[in-house]
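Shared between the two complexes below is chain A, which pairs with chain B and chain C, respectively.
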Partner chain A sequence: MTLALRAARPAARPWTWVWLALGVVTAALMAFATPDSPWLAYPKAWELPLRLWVSDAMKWLVNRFDLGPFTFKELTRGLAWLLDWPLAAARGLLVDGFSFSSDPKAPALLPSLSWLGVTALIAALAWRVAGGRLAAVVGACFVYIAVFGWWPSAMVTLASTAIAVAFGIAGGLALGILGYRRRWFARAMMPVLDLMQTVPVFAYLVPVLFLFGFGSVAAMIATIIYAMPPMVRVTMLALEQVAHETVEFGHMAGCSRRQMTWKVLVPSASAGLMVGVNQVIMLSLNMVIIASMIGAGGLGFDVLDSLKRLDVGKGLEAGIAITLLAIALDRLSQAVALRAPPTHGADPERRRWLIVALAMVVVPTALGGAVPALAAYPEDWTLTTGRLLAQAVEWINVHFFETLEAVKTALIASVLAPIKGILGALPWPAVVAAAALGGYRLGGARLAALAAALVAFIAVTGNWEKAAITVYLVGVSVIVAGAIGLPIGIWAADRPRANRVIQAIIDTLQTLPSFVYLIPVVMLFRVGEFSAIIAVIAFAVAPAIRYVVLGLGQVPPSLIEAARATGCSRGQILRKVRLPLAFPEIMLGLNQTVMMALSMVVITALVGTRDLGQEVYIALAKADTGRGLVSGVCVAFIAIVVDRLVGAWAARRKRELGLGA
Partner chain B sequence: MVDKAVNGTGANAGAHGALALRNVWKLYGPGAEQALRPGSAQPAAADLAAKGIITAVRDVSLDVHAGEIFIIMGLSGSGKSTLVRCMTRLIEPTAGQVLFHGQDLLHISERELIEIRRHKMGMVFQHFALLPHLTVLDNVAFPLEIQGMARAKRYEHARRVIELVGLAGRESYFPRELSGGQQQRVGIARSLAVEPEVWFLDEPFSALDPLIRREMQDEFLRLQNMLKKTIVFITHDFDEAIRLADRIAIMKDGVIIQIGTPEDLVTRPADGYVAEFTRDVPRAKVLSVRSIMEPVDGPLIAENQVAAAAKVQDIADEVMRRGTAVAVVDAAGATIGLLTKDAVLAALLGRETRR
Partner chain C sequence: MTRLIAALVLAGAMGLAAPVRADVESTDPIKLTIHDWTGQYVTTHIMGRVLQEMGYNVEYVQADYIAQFAGLEAGDLHVAMEIWETTGKDALNASVATGNTVDLDETGMAAKEEWWYPSYVKEQCPALPDWTALNDCAAVFATAETGDKGRYLAGPVTWGGYDEERVEALGLNYEVVHAGTDAAMFAELESAVQRKAPILLWIYAPHWAPSKYEGEWIEFPTYTDACYQDPAWGTNPDLAYDCGKPFGWIKKVGWAGGEAKWPGAYKAIRNFQIDNATMGQLITRIDLDGETLEDVVEDWIKNNESVWRAWTQ
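So, the complex of A and B:
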């Protein structure tokens, strides 16, 4: 290991001079700059009006584009109409009941499902899949929702989530199968998937809003687009991992293509596919609040509305309701994925179970006509902690406002503002050069070209200043999150019991929709960049801890043993063996943390930042497709540059350390 | 000299060959197709390797006769798995012909191929390749389901085959509830469910423990005695090949070095490589009386007689007990030679036999 380190060093020498030269040039550029030097701020005259072109293209698409038998507009209308059917059916089942009449005010002839019935069914399902403990957890989540009066909203959310999940799974499966069968399709899809997972969610909302209008269908479409990519990836991966012999057997049995897919491949890959299903569910729930910006309604709307009115108590309560819904569905779907495979003789119970489960829903629903308390949870029984929470926040603010404010001001003045100043003042050509140099050094000419091109794109499209703020927000947040995560991770890595507790907490934190993090932060720190940073840190700490633990866990035990045999103290083992070896893995974790932070920083536009996220948010308000998409792509490009550079670095470092591929 | 055809590549072999390969090649790598343009000379292995082309199967011709157990034996990387997949077109050969009842499988449509696979071929895999979500019954009935057979009928068929392989009572089990040997019994039952003409077994017992392996080999011989299928059997285990084969093809680096009965391989190895394999084979097990007898022309007076085709191991006891030479008769009953006690002893001790 030391040998490898030493061998790497001499080659690094000349590069030190290159970097130094770049530093000197940058400093010179900054020193000799006048306010209108073209290298300091990217000149307006050189900007590419890409956003206008995109907007014009969208307008042309919607107003002029004719597909022959129908226009593009009719196509989107038709699609919306098609999607509206299952959504209306799900809402009827869970919320509105069925009136069988075109008049929206007509009374429901068939009632919606009883709250008690739905709760009982879902708990019974949990019981069957994973036993009593999960049933208790899931049941408690649903009871909370009913008791605190969020049932109707939650069912609106559940209805649209269920339909979005169904479409997301079906679509992801279809695209994944196509990608598995046709290599060229998979290759063409990969960069699109990469982009879709790095472009901030807000950015999709703009074109969806533009094409489908404001409403629950548009919200659902945005949710499907957001939640589908992992399903596509997981499907391709899971199908590829089906044993080669199993595929050969399918051929030898004389399977047609369809039989091969549905009778051999998909069932054999089902365990892997369930991982994708779980992801689709989680991402759909993550979208709930954001989708309510374009008309999703339900709990998301409640959170957004209370946040706008600064009704902290109510917002927090609705946020908790979303969180509980997410936890319940996450645990349930994970349990289904991890369920013990069937054994012989388990089958006969199945029919009886189905009948009992059906009765659990139907009986309370049917009795609902006679006993109103079964149909809808009585309002008199609802509890609210909203006022209590609001009072608690008020109390904190009254008593600690000065302190909090002082801490905030001091931090902004002495730490944040200077960093922001330096980042904002960096000449853009120097940054492009640095990206290219870093790329060349880590991954050769191709990576250099990619990194330089993506960074240049941000300048050329006129988003340089906003991007600098985004980088600053993310950078500060990630450094702080890392500084918190590293010691906790190191501490937890050696303590299995503590680690289990911490992992459970992290799991729960990661099921929270990102939006929920904003609520307490706004309560304590009001709006502004500082609040944004705090929210991003809170969001990004979980992956930081997780990857530190993971990285340390992957250090080969034989090396630790060898170090111990050499007489290293625990501190020495940590500093000289474990951390250096785990470092590449930890950096990859940091990479994930950066990705999470980037996705969060865009959402913090709501609390008043001035970065790229704000651009997208403004575009959403103005339905300005070009502005939204271009800014969104800029965020994605930042993510891609970081991802590729860190990835290349970690891969090289691992090679040097001889840690596998 | 030997009553079975020694070499499968003979011109007359097509007459009773259920399955035949003619000059089959499989090359991997860039420009593999161009390397074998028809009419051009056969490329040397070294030339191909220099172009970055890997030769998995090189100019293989062979005939598998109806009702025989034809074993392809080779070490890992010898190309035997590729070859059997060329026979079933799971892998598309780069050049050559795969004749199934005289029809070239490489020139039939996808639909025809599917029909042949559905009704005339069965295959057993090294790692069983059972479908984890189906019960034993459904796994065995799966190929019938694919054919479109009605549920009641295919279950009836499947039950019969399950009983045949000795798994009656386990119909409702899932594969992971069975031991390795039992899982492979399911694989065997599944491949037999469609009553195939040709039965391919790709290292069927390699993943099993030695004791179970032996038990499964016996089971396999029992089944073949009842069913008389045409069998292509792949193995890397020479002992297994000797035990089961009617004929063995020895493969190395994509080339078939020798095809013959176990006795041929032992008595007349084509080269040092084959001889190396056969060195430790108990001679008495594979040698027939014919190969160690003293040939005689005229009639012979001897009290006892043995069949020329009998294996030395099977008649050794009797010859040793009597202590005198015995007459050797061929299938027609004519005396063709004399078997001495010394010759039997030599075979039993594994000494080189004189011919």
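So, the complex of A and C:
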């Protein structure tokens, strides 16, 4: 096996010399640099004032752009007005009730759904899809929300999430189908999707606010932009994977194009499509906090409000409510995805089930008028952890701050500061050259051109210094997250039970809003980059573990058997067979870890970093469209360069190892 | 806040909201912006309740303190209750100059923002609060990251405040560290107070922090306009900003179009007046005593009817 691996590696000699030469040139550039050498700090005079152009373009778009019968702004406002209807309907159903009057103060004639009814309906749905276990899990999540007193906020969040998810799915499906039918459209859309997924949300909040006005609709549109791309990608992929015979059969049966799409392709691809649906749900819930910053309200607002008062306990309670909402919806949608495709023809049980489900909601809601405890969960019955968590943090703070401070100081002096120094001192032309070389080596001339152009963009728009800090924060965090994730992942891969527990923990870490742990982290480590790194690690360790487990799980059992037959010990199997074979998959996991870390960068601006994230955040606070978008695109470009290079590397390595594409 | 929403839901559902009077100019909701500090919630909700009593419909919209001007100019948002001279003066002037927003006069509160430390620091540094003692105490406030320089925790970068300039002009041996958010800043304060550790940071009032923690403001040379504009002024002849931060007004601002749409409401908003002491009490009741915002506001409305009735006349 080892022999085969060695043989598969191509001769790399000449390239060693090329890299060495680049290293020497870089070192020379650094050695002979004066503070104002044009290769060290990108000269101000060469900067492209792109951010000013973007801001001017935005102003023109909002104030001047006329489409003839109406202006562009009227168009976007009209769109916002349209989107407000389903949102208002969902809120009426779950939160406010319906008054059927233009006067907002008119009494509600139809009440909103009872908390008991909603919980029962969701649990019943889970029961029908996947049985009693899931029903218990989902039911428990909703009961927590009620018992801890977060019901009204959770329903505000649920209403806006539900509508955002619906539009995300519909839009994603439509674009995906279009991309499937027209190759050129798919090709044109790919870079746009990349940007939608990697530009930090803060960066486009300002233009969204300008175009769609302040309030919950703008928050919803931002959520849709963020959550839709996976649906588009999954749709295209799922439709392409529909069996050739099925498509042929559709043609032979004389389907029209519309019939072909909706009666053949989409139903056949439904299992794949549900993966996209699940992604849209999870990403929408990731946006809850940020959406509340521009007026979505709900649980996100509660988290922010509690933390502002330094009420860590309340913040965590509300944060957990978001997590549980996410877990309930995630499990439910996954169960739907895994369920056997619906059988056609009459299902006598189905109708009876529908009636029972409807009764479950309607009866408690109708009785709510007479029994208030059914309409709204009574405040006297709510629980709270009170100051417990705050006291725990205080105890750690008082007893261990000195120790933590000593560790932190040592780490900063011996590890972090030197790394930051080197990254900050790297001459930008050398980094551009390295990106081009790496791209050429891994993916040929096109990748080289792309990587070099994207890196150069960061320098040309005058964001080099801040990008260096960003790369430093993300790089250090990813290395630490990887160092934590690898052993845990290896350990969990062979232990299904432990793995389930670990998966639950990392699910929580990924959906728990980072704000919740940001405040305790600041209390223990002060404002600054160190706190930011800790927060990023906490978030990025989840994909690191996940992909190690996944990678090890995908190693063909026959190879492990073969290794065992030749007398390899467990340790040998791990080191010589499983890890090398899983390595490409693990690298893709590392890639995801980098993406996660980059998406946290903007959040770390809130604890006082001086990186691209802070640029985006300042731009948001100053309503500076150009500054925010350009810095946001720089973050995206870092992500895209890493993604392409790692992706190309992993694909090549998989080919060499003879694993499937 | 949950309870607030719950109360709004209940009020909406049961029709408990104030009776609608037909004599207002327009029943379109007046959108009041809320930001991220409690005092601003209180002023906004008091104003909102008064407008409701007058028969107007109001809506509260979460918006960023500076970014909201775009919304106010476009008419998406209508009234912002607290623009502080210390942090929002430039944005306010620029906005009013467009002609799309109008200055709705002062709130009667005075904004104070300055460097601040908890009282126990005085044991290590008895010469405070005089600013000339700061350099002798730099070691007290120093941390590993700042070396032998003292560490001063300033607000988020967007708050401005000219602290870097102040440090340079007054020759202070301090490093200015910006907190990313209000919450992070007070988290550090809370942490330091728990450990009785020295800390020097930006505190503003009206806020709950000066009532919760005992402490003092640094006494810099008193601010004048000349200090910020004329380098010759003050102890440093070559640099401006060699003085403390300005005390200042807190103003209301509104969408210009609202003047014609809801003249009665705009008049009441112009007349809105409250003082620092009252405000401090209300904030303390919410943030420290754990009362809900709507209880506190409702209580104030009930006990001060003559005050707010006068605004509407």
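In this text, the second predicted complex is superposed on the first by the 569 of 661 C-alpha atoms of A that agree within 3 Å, B and C clash if a C-alpha of one lies under 4 Å from a C-alpha of the other, contacts with A are read in each partner's own complex, and residues count from 1 in each chain.
The working rule: a residue touches a chain if its C-beta (ideal position, glycine included) is under 8 Å from a C-beta of that chain, and two chains touch if they have at least 3 such contacts.
Keep in mind that this is a model prediction, so the values were computed, not measured.
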Inset, instruction - With the two complexes superposed on chain A, say which partner A:519 touches: chain B (first), chain C (second), both, or neither. - result: second
Inset, instruction - Counting touched residues of chain A, say whether chain B or chain C comes out ahead. - result: C
Inset, instruction - Determine, under the contact definition given at the top, whether A:36 touches first (chain B), second (chain C), both, or neither. - result: neither
Legend entry - Touching partner for A:620 - first (chain B), second (chain C), both, neither: second
Inset, instruction - Applying the touch criterion given at the start, work out whether A:606 contacts chain B, chain C, both or neither, answering first, second, both or neither. - result: second
Inset, instruction - State whether A:380 touches chain B only (first), chain C only (second), both chains, or neither. - result: neither
Legend entry - Intersection of chain A interface sets (partners chain B, chain C): none
Legend entry - chain C residues touching chain A - in the complex, by the definition given at the top: 1-3, 5-6, 9-10, 12-15, 17-18, 20, 27, 29, 31, 33, 36-38, 57, 59, 61-71, 74, 76-77, 143-145, 153, 156-158, 177-188, 190-191, 194-195, 197, 287
Inset, instruction - Flag every residue of chain A that touches chain B in the complex, lowest number first. - result: 243, 245-246, 248-249, 251-256, 259, 263-264, 267-268, 270, 341-345, 347
Legend entry - Residue numbers on chain B that touch chain A, as the complex places them: 85, 88, 90, 114-119, 121-123, 125-129, 131-135, 142-143, 145-147, 172-174, 176-177, 200
Inset, instruction - Report the residues of chain A in contact with chain C in the complex, numbered from low to high. - result: 95-97, 99, 102-108, 111-112, 149-150, 152-153, 156, 206, 209-210, 213-215, 292-297, 301-302, 304-305, 307-310, 375-376, 379, 394, 397-398, 401, 405, 408-409, 412-413, 518-520, 522-524, 526-528, 604-609, 614, 617-618, 620-623
